[in-house]
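Order of writing sets the chain letters: A, B, C and D. Residues in each chain are counted from 1.
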Amino acid sequence: MTGPVAGPVTGPAPLRVGVVGVGMMGADHAVRLAGRAANATLVAVADPDVDRAERLASSFEGVRAFADPLELVADDGVDAVVIASPGFVHEEQVLACIAAGKHALCEKPLTMDAESSLRVVEAERAAGRHLVQVGFMRRFDPEYVAMKAMLDAGDLGRLLLVHNVHRNKTVPDGFLSEMIVRDSLVHEVDVCRWLFGEEIVEITVHSPAPTSEAADGVVDPQVAVFRMAGGGMATSEVFVKCGVGYEVRCEATGEHGNATVGLGSGVLVRSANRWGGSIPDDFRVRFAQAYDAEVQSWVDATRRGEVTGPTAWDGYAATVVCEAGMESLRTGSPMKVSLA
Amino acid sequence: MTGPVAGPVTGPAPLRVGVVGVGMMGADHAVRLAGRAANATLVAVADPDVDRAERLASSFEGVRAFADPLELVADDGVDAVVIASPGFVHEEQVLACIAAGKHALCEKPLTMDAESSLRVVEAERAAGRHLVQVGFMRRFDPEYVAMKAMLDAGDLGRLLLVHNVHRNKTVPDGFLSEMIVRDSLVHEVDVCRWLFGEEIVEITVHSPAPTSEAADGVVDPQVAVFRMAGGGMATSEVFVKCGVGYEVRCEATGEHGNATVGLGSGVLVRSANRWGGSIPDDFRVRFAQAYDAEVQSWVDATRRGEVTGPTAWDGYAATVVCEAGMESLRTGSPMKVSLA
Amino acid sequence: MTGPVAGPVTGPAPLRVGVVGVGMMGADHAVRLAGRAANATLVAVADPDVDRAERLASSFEGVRAFADPLELVADDGVDAVVIASPGFVHEEQVLACIAAGKHALCEKPLTMDAESSLRVVEAERAAGRHLVQVGFMRRFDPEYVAMKAMLDAGDLGRLLLVHNVHRNKTVPDGFLSEMIVRDSLVHEVDVCRWLFGEEIVEITVHSPAPTSEAADGVVDPQVAVFRMAGGGMATSEVFVKCGVGYEVRCEATGEHGNATVGLGSGVLVRSANRWGGSIPDDFRVRFAQAYDAEVQSWVDATRRGEVTGPTAWDGYAATVVCEAGMESLRTGSPMKVSLA
Amino acid sequence: MTGPVAGPVTGPAPLRVGVVGVGMMGADHAVRLAGRAANATLVAVADPDVDRAERLASSFEGVRAFADPLELVADDGVDAVVIASPGFVHEEQVLACIAAGKHALCEKPLTMDAESSLRVVEAERAAGRHLVQVGFMRRFDPEYVAMKAMLDAGDLGRLLLVHNVHRNKTVPDGFLSEMIVRDSLVHEVDVCRWLFGEEIVEITVHSPAPTSEAADGVVDPQVAVFRMAGGGMATSEVFVKCGVGYEVRCEATGEHGNATVGLGSGVLVRSANRWGGSIPDDFRVRFAQAYDAEVQSWVDATRRGEVTGPTAWDGYAATVVCEAGMESLRTGSPMKVSLA
């Protein structure tokens, strides 16, 4: 139940990963594994729609396509599996991974009901080790991670209340009231369990008058109230046709301060008569993403034999300007810049 | 002169990269190449301080240490080189890469003066192809990239003015006035050339009364004024002992609006009587970093045979809560949640 | 049920106002009436603690002190009354104002229970005209006023949900659970009635585990859920010992967008994939408060025969600098500035 | 050279004020004096366009109109004068006020050139006391006032640099380059003199390539560089056809931190690795403007015999809801709310 692992993990053998289910989410994961993940190799994709699987496979080099997800799971060339298929086939696929002793990253929901989810938990227990990770990716969002760390460090005192906002711009009309709970609110369920470090013991889902954009009979927005095992509480708005865009926010209120994420400004903290955020000590923190992107871009271009970033000319021009700048600093006068 | 390359770049052979100079920046790049970059393998590090090189190499598997950077450059097992050594040895090392026909990502400054930088440009021209990329990483920062895209799309009209703020919390006392130009202001030099898409034709570096924190004789802060080839202008504050933290901001003012980056809130745009930013359409944009971190974390843990993210139990518990939530939605009453 | 009245209201006779109850709030109102309100004169203050009333009265010129609030209400020299006494004497004092045909601005709560509040409503009905205004001052806050105007204009579509946060840094230990409802949450009660333009038809007040700062047996924080006559809903957190400072926020979610106030940044609107706020057309809007303060400060100083704002010298110095600036603009060179 | 005077200033005689020049700015001041300023009475307005003066006068009660500003200045019924006429008649009018021993609040610029401004300074010296205040109203803006207080308190260390942005949405085409200096930049001239507490000793006004919106031959935007007597420096952008709206920002950089105003979020401070703002201790600070507006609105309505704010019914309804809330708090159940 932790955030990203720090530090390098290297070695001779990259992890050979297969992706099961190549709709929007599965295709996204395939691109991520092939183009942005270190020490992993995308080796296979599977989808009952085998044409779709083949089209995706052919956009990479050396990736095989399967029509049968279970065949992919069983294949000797696959070390681990990302499951991005529809929820109703998750149980079978996850159980197959456990049976094969392979790690699986399974998109939420784990399965469609409590009984089947419990079967997965018990299969893993019988296997004697953890093999399944569920796709609650907010635990990996830099802002949520930073807020969780603050709470764990006690910076805000004991956690008392959480308020979540989860809004989609829109969803297809077939997205019914219960799916709003199971596919949307489920994220806030996990966020509250994770932030409090406690189970939820009571839930109320309110039905306000729906937006006129809602399909007939669909309750949208919804307001959920959670009570935690330790007595803390949480309120969550879920609104899947809000029309605005994708908005996810979370405010955690502790005994001595509160923190909000999802404002687009890092963790906003309020404590001791101040609101605001932090300023890093150095450029490695501020520009961590930029350095990662720079190096990945350079690796990718170099493998194609190209230079796509700032060139030697850019380096030369900057040097000439800086030389003129140093002269201006000495003399106090404007200096002309001339390039070769 | 572009941002990160979109889309996957895969194939059977990862790029074998060596890092020359393993001080703070070089070690950082080594960890990045080993643990976060796709399709690259860190194979070697070099440093005249061979102990330092060996210590770093031994923290990875299969990475060789060299005392002589030029030997690393020449090694057949190295496809491409990241140069993070001190600036005064850049010329020799970059020229060696060009001579060996190997791509190099060279930290700024390219070299110590205009004459030597021009020698690099000419060596590359003689080689007949681009091999050198200079480490102006702001061109890869998501905010700068988005602002540049806005300017290029004409959203803000023709670019008229730029104002930069570049502040370090502190620097060692030996960081002299001219280094503030060559090692700090050089980033703003590149930012202005890149944003305007034009060369700088005149530079003035002003010497305000220095902060009392400045070492004797050091001009800190400095205020630079650039005039661009097309008549646009830029002002830049550089302040290396500002005491606050690492602050880098850039405001670009066009004929019809302005954009600011570095506020910690994405690109802040002001136009048509509105200030603000954008809200993405969907979760793949909002949580792109989280998904990358989730998958990298899962890959790393899986290679160690561990599960460090949300477990099957977390998936089960969420399912139980959602089932109770759907029941509450139907009945309008609070529902107790009970886990196995 | 409107915001501030626009435009000037003048005439020969300023309103002669008496303030009943001169604790913190009453004293504040007295200073406001004497020093910042146009067309009003503070003429009397009353408090059973007559020493306190006299001390306050003597800090102004021509203000009388009363021990008996009802005597102040009855006094012929008093046109209208501000009631800032404890809630349990409000009924008697408001009824006295109505009986005397005098307007009253009564701090919340109107009275201590529904029965007595209804007696006030009926007394006013019997009097045949409105005389009582209740101190729900959020309706006059520029941000709330702007958000209400947006909602009324339909900019965000029909209002669906409201979420309020109301936090005090601390309160005395005698501030019991029910006072948190009656004295704090009452503001959110009014805000929701006002924003929706509807009555509340159901209320639930939840009791989360209290902060360890709470006095024994006091439920703090509290989470209230309102259901409106038209089916809309509202959630409100009230937390009177939050330790952080005074924080009041309100997010209103409509069918097509949402607006938040209390962030310290004007109304923050999210709609159509944008978040942000508005930029005024001109300086009269941006600096409205500054102009008011400037003129009030000048009036006050002038009545004392002083100049406390920018002097003729400041005007002269600015002119000299601008003349040099115009010369620099013509010549392109720096110009020295010399003052007489 | 101070901000608004704290505390009440009362007494039997309100200040009788005349306004000279009733264009946009003068009319605005007239409304302010009549409807929002305490202890002042608007008694007269003057304008060579006597129709305009009469129209404005007739919108108030008891206000006289003059065609000749000097006649207004000389009138025995006028205690003090606000001068909002065009700059080229300021000298004559201000000198008339000084001659009459009357206080004047004169809009900027004080006069059209240094020589005439100096004559005003000398006339005032000859009169033996200060009578003239110049309309540099940023010194009264709550954000600028707070930033100045921080600087004076030493919170940010010694002031080193200032950067100003001053943008108008648009101006008439007749607004020439020199007017941009004299009528726009003049505010930043005063801001820098005030913040540093020092005179400006050198000014450079740069001419970047103009926006295509600029009238022929007009330099817009402009970039000014100031050097202060103590060695501090300031950069200012002035852009009068920026198209965006009215934007005024100021960043002050001290030895230990920096503060920015004009972001619409109070003073944004960066120091000690934190960015952010302050949260007040109590509601009197947070809602100071709301209380002022509430009371002014109540005074205005009461003088018309109306109630325009929350009524007794609003007070009653809130009480009923709170009673139900207290019952819900006791029972833990939702409570219906029923109004009489």
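In this text, a contact is a pair of C-beta atoms (placed from the backbone, for glycine too) under 8 Å apart; a residue touches a chain by one contact, two chains touch by 3 or more.
Keep in mind that what you see is a predicted model, and the values were worked out from it rather than measured.
Trainee: Spelling it out: a chain qualifies if it touches chain A and also touches chain B; which chains qualify?
Mentor: C, D
Trainee: Could you pull out the chain whose C-alpha mean position is farthest off from that of chain B?
Mentor: In terms of C-alpha centroids, the chain at the greatest distance from chain B is C.
Trainee: Determine which of the two chain pairs, C-D or A-D, is joined by the larger number of C-beta pairs in contact.
Mentor: C-D
Trainee: Any idea how many Å lie between the Cα centroids of chain A and chain C?
Mentor: 43
Trainee: Determine the centre-to-centre distance between chain C and chain D, using the mean Cα coordinates as centres, and give it in whole Å.
Mentor: Centre-to-centre distance between chain C and chain D: 21 Å.
Trainee: Counting in whole Å, what is the centre-to-centre distance of chain A and chain D, each centre being its mean C-alpha position?
Mentor: One centre to the other, that is 48 Å.
Trainee: Which chain D residues touch at least two other chains?
Mentor: Chain D, residues with two or more chain partners: 169, 206, 225, 244-245, 247, 264, 270, 273-275, 277-281.
Trainee: Could you pull out which chain D residues touch chain A in their complex?
Mentor: Listed in rising order, the residues are 269-270, 273-281.
Trainee: Within the complex, which stretch of chain D touches chain B?
Mentor: Touch residues, chain D against chain B: 157-158, 160-161, 163, 165, 169, 206, 208-209, 211-213, 221, 223, 225, 227, 230-233, 235, 237, 239, 242-245, 247, 251, 253, 255-258, 264, 270-275.
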